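Next, two complexes with subunit A in common: one pairs it with subunit B, the other with subunit C.
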Partner chain A sequence: MSLDWGLGALINLNHPGHYIHWHVIDVSVANLAVMVLMVAAFVAALFLPFPGRKHRRGEEE
Partner chain B sequence: MSSTVDRQWTTRLRKRVEGTLPPEKLLPDTQPAYVASWIYVFGVLTLVAMAEVIGTGVILAIFGPQWWHVSSLGHFINSLHLWGVEVFFFAMIVHLWGKFAMAAWRGGRSLTWVTGAVTFLASILTAFTGYLSQTNFDSQWISTQAKDGINSTGGGAIFNVLNFGQMLMWHIVLMPLVLVALVGFHVILVRIKGVVPPIVENPEVGQ
Partner chain C sequence: MSKRYNPDVDVPEYKGRYAPYDILKEGTIALVVVLILVLGLAITFGSPDDKAITLQTWSKADPVDFATTAFNELNGTSAVAGYGPPYNTNGTSQHFGFISPAKWLGVHIPINTARDFVVTPLESQPASPTLSRALSQWTAATSATQTSWLSAYSNVSSKASFTGDQLVVPAAKDGPVPVMINTLTQMARSGALDQALETSKGFYTTDFTKPLLFLSDGTYFAGLAQKGHLLGTQWGMMNETDSYPGQAWLWLYTFWYQVSPFNTSTSADFLVWGLMMILTAVLVLVPFIPGVRSIPRRIKLYRLIWREHYRDL
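Right, the complex of A and B next:
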């Protein structure tokens, strides 16, 4: 039974996965996308300012 | 004067818990300034995702496979369970990278790192037994592929991936118990030791 909300999925996933082959590396596009997003989240977590943090490094409270 | 009361295991255990983890360490009011960074959010995000996965898993267990395969609400809860797992692993890996970059095992925190690493491995086993518990063609295919790998190690004698009952019980009973215990220990260790200081600001820590 499908969830027919008129929206459908954001991305159509109803087909066999796409793969990237590069020498010994063999990875699905879906997994590669997750890896790229994890690296992006890691970098963003290091550089985005954290709300409520008013002091710069080295300053005391 | 050591009275019998002092020697009771209840007294000794209470004193030990009070000493190693007083309430103000367990639930502190403030954290050091360097904790105000997004990287510290990922441990808690992993924890929240795990709670969501356990919660949706309980709902799946209540209504069973016919429900999650056939009804649209069942599909929805099943999807919440799956996507919760995606968030869980995503957050756990960013958390791991963050702790690796901070060398957060410094200053007597090696057990925190080790419990985290063991949790990671146990989570993978939980996910694999979850794939085998789907009750669809996907799980059939995965189990028949996995059996050859497991059997080549000899492990198939006690861990039989073709035994649906065994895989389901590992997935919904044993592994959740193991994970909750490991994560509980992991977080309590963090509270006992306090958050690791930055490498540059406190060079004498650890080594």
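Right, the complex of A and C next:
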């Protein structure tokens, strides 16, 4: 019995991917996007202030 | 005598202020955020939806490639037939010097490609006079006769075509081989070969070893993998089908397959695995490696993360 309820993804990624080739490096655009997001999240975690930090510091003082 | 203070392993006693910290609250917030992200991404992008490739798919899409591979299985010239342990003793297992775990473990998934991929599945077919005669002829023949039939078929197999739902091969002194290969091709096209190879150990099974090995011996499956950028030489280990992101964290594992000496070695899988195990051990042992363990202290990234604390000091 099929469980296909006719619901599809909003963005269809079931089509051939795009790849960036440079010397020995061969990476898909999708993977590159994930890597860029990971680096961005890391940098944001370094530089953005901790949420609620000011409030907590105020409580301590 | 007091021990000398080592900044990499010794921790000075903390004499500053303490602040309350609710780990349950933080954990719950993280769980909810990740749940929202997962549901949001699932609704937005869905998931890969490639249909499974079976022997039926292959033999319908490229019957000549299937028949050629089936003949190689019968002839004992396929990659699996000459792979060595764990399937048989016909090849050298992957090794580094004298280190050869596959050889040490021996043949524990025994596969005789002629018997397991061709003869036994054909024997499971409903009796047909032509097939029964061909199988009797094959099993009754001496090894030398079988070899002469295989050799004769091999000489004409490059001219094989598929017309009128039948495999057509020029006439040769190849005994029962054309009937066997044609029947196996028909069997594959009907889906019966997938069933025969999956259920050879019982009625219910999830063991796809045999159909996968058979599939891997042809050029059809590798062609699809190449088209989808999934081959080992294409960093395929970190790719997903179609336009989905894949296993980006396997970048280092798959990187080694692209460079010498791994990209030309017949033991590449074992060498890359061994190297990654060594690198993983180094990573685990970082706190014990002088110099390397000092890097976090020397680059002072922690002072950026805890900048408010260090500003107050």
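Here is the rule we use: the second predicted complex is superposed on the first by the 45 of 61 C-alpha atoms of A that agree within 3 Å, B and C clash if a C-alpha of one lies under 4 Å from a C-alpha of the other, contacts with A are read in each partner's own complex, and residues count from 1 in each chain.
Throughout what follows, a residue touches a chain if its C-beta (ideal position, glycine included) is under 8 Å from a C-beta of that chain, and two chains touch if they have at least 3 such contacts.
In this text the structure is predicted, and so the values were computed from the model without any measurement.
Student: Between subunit B (first) and subunit C (second), which, if any, makes contact with A:46: first, second, both or neither?
Tutor: both
Student: Thinking of the overlay built on chain A, is A:15 touched by subunit B (first), by subunit C (second), by both, or by neither?
Tutor: Second partner only, subunit C.
Student: Classify the contacts of A:31 with the two partner chains as first (subunit B alone), second (subunit C alone), both, or neither.
Tutor: In the superposed model, A:31 contacts subunit C only, not subunit B.
Student: Which of the two, subunit B or subunit C, is in touch with more residues of subunit A?
Tutor: Ranking subunit B and subunit C by residues of subunit A touched puts C first.
Student: Let me check the overlay on chain A: which residues of subunit A are in contact with subunit B and also with subunit C?
Tutor: 34, 38, 46, 53
Student: Please give the residue numbers of subunit A that touch subunit B in the complex, ascending.
Tutor: Contacts found on subunit A: 1, 3, 34, 37-38, 41-42, 44-46, 48, 50, 52-53, 55, 61.
Student: Using the touch definition from the top, list the residues of subunit C that touch subunit A in their complex.
Tutor: Contact set of subunit C toward subunit A: 17, 19, 43-50, 227-229, 234-235, 238-240, 242-246, 248, 258-259, 301, 304-305, 308.
Student: Considering only the defined contacts, which subunit B positions touch subunit A in the complex?
Tutor: 33, 36-39, 41-42, 70-72, 75-76, 86, 90, 93-94, 97-98
Student: Please name which positions on subunit A make contact with subunit C in the complex.
Tutor: 8-19, 24-31, 33-35, 38, 46-47, 53, 56-57, 60
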